[in-house]
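Chain IDs A, B, C and D follow the sequence of writing; residue 1 opens each chain.
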Amino acid sequence: MLNTLIVGASGYTGAELAAYLQQHPHVNLSRLMVSAQSADAGKCFSELYPQYRGLVDLPLEPMVDVAKAAENIDIVFLATAHEVSHDIAPVFLEQGCVVFDLSGAYRVQNKHFYQQYYGFEHKNTDWLSQAVYGLAEWNADMISQAQLIAVPGCYPTVSQLSLKPLVEAGFLDTAQWPVINATSGVSGAGRKASLTSSFCEVSLQPYGVFTHRHQPEIATHLGINVIFTPHLGNFARGILATITCKLKTGVTQEDVRQVFEDAYQDKPLVRVYEKGLPALKAVVGTAFCDIGFAQQGEHLIVVGVEDNLLKGAAAQAVQCMNIRFGFDETESLI
Amino acid sequence: MLNTLIVGASGYTGAELAAYLQQHPHVNLSRLMVSAQSADAGKCFSELYPQYRGLVDLPLEPMVDVAKAAENIDIVFLATAHEVSHDIAPVFLEQGCVVFDLSGAYRVQNKHFYQQYYGFEHKNTDWLSQAVYGLAEWNADMISQAQLIAVPGCYPTVSQLSLKPLVEAGFLDTAQWPVINATSGVSGAGRKASLTSSFCEVSLQPYGVFTHRHQPEIATHLGINVIFTPHLGNFARGILATITCKLKTGVTQEDVRQVFEDAYQDKPLVRVYEKGLPALKAVVGTAFCDIGFAQQGEHLIVVGVEDNLLKGAAAQAVQCMNIRFGFDETESLI
Amino acid sequence: MLNTLIVGASGYTGAELAAYLQQHPHVNLSRLMVSAQSADAGKCFSELYPQYRGLVDLPLEPMVDVAKAAENIDIVFLATAHEVSHDIAPVFLEQGCVVFDLSGAYRVQNKHFYQQYYGFEHKNTDWLSQAVYGLAEWNADMISQAQLIAVPGCYPTVSQLSLKPLVEAGFLDTAQWPVINATSGVSGAGRKASLTSSFCEVSLQPYGVFTHRHQPEIATHLGINVIFTPHLGNFARGILATITCKLKTGVTQEDVRQVFEDAYQDKPLVRVYEKGLPALKAVVGTAFCDIGFAQQGEHLIVVGVEDNLLKGAAAQAVQCMNIRFGFDETESLI
Amino acid sequence: MLNTLIVGASGYTGAELAAYLQQHPHVNLSRLMVSAQSADAGKCFSELYPQYRGLVDLPLEPMVDVAKAAENIDIVFLATAHEVSHDIAPVFLEQGCVVFDLSGAYRVQNKHFYQQYYGFEHKNTDWLSQAVYGLAEWNADMISQAQLIAVPGCYPTVSQLSLKPLVEAGFLDTAQWPVINATSGVSGAGRKASLTSSFCEVSLQPYGVFTHRHQPEIATHLGINVIFTPHLGNFARGILATITCKLKTGVTQEDVRQVFEDAYQDKPLVRVYEKGLPALKAVVGTAFCDIGFAQQGEHLIVVGVEDNLLKGAAAQAVQCMNIRFGFDETESLI
């Protein structure tokens, strides 16, 4: 049994991690931590998440001394702010922990990216160069040997899973940038007091148009340009991405079907639809990413859905852990 | 044309007041004000409420000098915090303004009430003694001559409109306290960043059980004891109150119907159902309070619904203004 | 491994049963059936419930010959209409199956009840007299020996769990009937095309006032009179019941706490709150019933919450199966 | 005062028409009609729409004899099924009524369109050739002289208002088809019992991809090809359309701003944002269409929002009536 620690356990992603790990047969959910400044420090986890009362009643310990927090811990999940992850991941790594970072701090191998999109200078470039991008269905070999796994963002996960088979096959006419229109639930904004996330204020709307950090994350890892337009939806959980792209002349519906089948037939957490397009409800509360597509001439529309907190965050992190430690890939996830 | 000022115009109730007054043929919507400390001070009203873009584009002026704010103003609506209303109402009153206070600061003629339920000492007891409780259907005569009208709370409005005909008729066996179970939309908590009002956190639940300030407001003005149990509902607007009470022996369904008809047949904003019980949607977005009832033996269930921001606040305030100045009671309201 | 059959697997409750049984280590989910007239007959289960794609892909077989359906089946769950359960339960029972009936057909040991509240004459009174009411926390001994278990209704489950400790202790002044105000999610109306359940029509409202079938089910099994007022809420799942009752003189808060603790301390699926009252979100998606209470003088308010499809239906049915066959009571449920 | 008749007044669009006409100073809301087969025939309008109790209490008369229905009627609104409008519009027209048809039956001047997209043969080609497409901001001159106005569909209204200034200016690189991703509220499906529109089933999802009737309506009237991907959203009302298009080289942000300003500066019901993008809540419950845009290099994203039942249907119909009869364009609308 390996000992696991979740830092940032008071947030929505941290809570989902706790739920998965608590029922995992091969690991202990050893400790939950939050920022020492957090108003939740010292509270019981199930006070914040009453559905876990009696199931996960660990305290939310204030993180005072990072090195001390690493004692007796084999695996760390960082569900923390980008800069916090940037700062504390190396401490855990140097103590020998395997770190799954759910922030954006180690996702892109270009330190200038952080200055531009996250507003801070990346100072841990050695660790950055060793970080493996945890897109589980595509990077399993590297994940299985990494010490630092940068779990992809929620939008990038569904976007890449939906486009990568086409990119790899060279099917896209990339002169015309794929248009990714995605709508996310409010939980994507995290658990905090905010007028924007307030019940009476939430309303379907685009945000971060042409400026969202996930655009370069997607483009970098896919290796093509994309237009990415995120929206806030009036629901709590899930992301639906409708992706419009142009195929090279001659690519048939059967060709498309085939590359998706080849990519995912052995991947238990991606479900490709033979016909029809997925609805959000197909994945909310599950660890799956579902993908469907429709074609008309050279135009292809791919629709991908996932639960932003699960396959878009906590479930993919646990999937990476399962891969890293040789457990069944879906252990505790389905 | 009378000049009106709304203080606290950035909040949900203030915004509804602005919408009503803007279309009122006999008054000018002269100025909108907010606390000088408010982050909204200086913004345009329709920046906060984009639905009114082009309709109400007044600035939200910071309230720096109350006496100066009263200049050229005939009518003031205070959609402000209780203590702010307590403090500033007298300044406007002394300048000759007619004041409609939507806070709780002048609703109960017992200064000890404020210490116990609102946590502050009432120092303007002269004005308190002159304040008229603006339950429009019942206090029209007094409202028409008052300078300070204390507009009732949202829960008290629907609760009293639903119970008062029975109380006045002496139909209730008051040994058994009426049970008022009410559920309010999230807008009742006001426009502010708060984890409790956050989209992902809102969930049907009781709150303020046995301790809510509206219990004594209801009980005092009805003159009977009641059990009042408010709930937060997962919708933006509206209150539904289900009231279970015990009738004195011999009171018939026809008796009940008759007292409601007598009470409200000439009251355009209260709609009594001859059969069936109201749903929330009957009143959301309207100035109406709808009431229905069902009887079995000595048990009577009265169901009242209203929009908490309208008949429960802004619409009743405008209705009081209409009564006070001799306009048609429903002017700008339906 | 015991073989299980779900009849009525296309409905919301049937679907939850399928999800539980599919992951149960001691039973096989052998077959899913629907009415031969159902438009869903012949479809794949996960076509209706895409979240279970890859997890439960059994066909929804049309039920043509009941006796034949019983072949090789040890356990039957009837998530069927009341009259269908009335008719087919005996066929399964005579073939030796253990039957868990989630309809109302065998819940009350008084055949006149069915004529009055369900509109049909009960003709299987022998089986009715042998049926055990599956309120799991209170009737475990009888459940463990029964062949026909009548799983309680959703409202009756949460209402009885909330009141029974008080009734058994003799704490209630029953001259004043407890007032049960409960609000249920729309899934309680079942999976069917209906204007009432339509997205644009749903709005908080009372229904079935003084006439709902669950009132006599609750009153009969508790042995006291109650006023039961159900409401339709604008959410998909869950029931919150706010119960106002009068205590006998001298019953203290500590007395109340004690009887709840005694009743449920060994019951893993009922969580009693030492302080505070539960919100709906504490139980949605879980098999728990959470209970809290607040007292003021002789007035006691008990608030109980459950997921109407789970502890109010499918989870309690599986809990009963676990008890009946000696499995761990919470197997597959938490 | 002109006499108006609404056919199909039981539906959501018909109800909004009734509300507008009831408060219009220059017309009488004379009669409301529904199909003779409708279960609502004979009911009172406010029985279906309780918010209008006391405001619109007209009966929903069964339409038995169309010619007779036209007696004494000056203006007819057809909020009816496409084939019904196709059949009955000529009868009203021949009696001299001015007809505003909210169905798709007279929107496209190509009779083959109807066979392909609506599944019926258009037999009233004379009237079809006289019909004027009621896109109010662009066709006012023709509307002012027409007897038959085909009010545009909901998606086509917001799509065309958002794209037409760019098309007219010749700014688009039309080799790359604009991508219209739009999400509509459930009310777009109409008022009827349907599993798809059921509260528990609704979930964000695309539908009608590459096959929706509104694609050719948009493309025909704009005169360019477009990719149109509609989605069902989990809200009652409103449409948000996110439109991604490619500008010709050299078109600047200022150029774009200018053509939108020129197009709509005198159009009171279209609000163009100088900065920022609209949220759905800016227009729900209003007669406005709000439009914003963001540009990056040659890529332009235009976001348009409207209330699908109002500017997307009833409000635009009334706006057309106002134009046709020389009333103020926004009479009864704002």
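Heads up, the rule we're going with is that a residue touches a chain if its C-beta (ideal position, glycine included) is under 8 Å from a C-beta of that chain, and two chains touch if they have at least 3 such contacts.
A quick note: this is a predicted structure, and the numbers were derived from the prediction, not measured.
A.B. asks: If you walk from chain to touching chain, how few steps can bring you from chain B to chain C?
C.D. replies: So the least number of steps between the two chains is 1.
A.B. asks: Looking at CA centres, what chain is most distant from chain B?
C.D. replies: A
A.B. asks: Do chain C and chain D, two copies of one chain sequence, contact each other through the same residue numbers, with over half in common, or through different ones?
C.D. replies: same
A.B. asks: Round to the nearest whole Å and give the separation of the Cα centres of chain A and chain C.
C.D. replies: From the centre of chain A to the centre of chain C is 37 Å.
A.B. asks: Return the distance between the CA-based centres of chain A and chain B, expressed in whole Å.
C.D. replies: Those two chain centres are 46 Å apart.
A.B. asks: By residue number and range, which residues of chain D touch two or more other chains?
C.D. replies: 201, 234, 278-279, 281, 284 - these are the residues of chain D that touch more than one other chain.
A.B. asks: Can you name the residues of chain B that touch chain A in the complex?
C.D. replies: So the residues of chain B touching chain A come out as 12, 185-187, 191-195, 197-202, 234, 236.
A.B. asks: Which chain D residues qualify as touching chain A in the complex?
C.D. replies: Within the complex, chain D contacts chain A at residues 176-177, 179, 181, 183, 201, 203-207, 209-210, 227, 229, 231, 233-235, 238, 240, 242, 244, 277-281, 284, 294-296, 299, 301, 303.
A.B. asks: Can you list the chain B residues touching chain D in their complex?
C.D. replies: Its residues touching chain D are 50-51, 53-55, 268, 271, 278-279, 281-286, 288, 290, 334.
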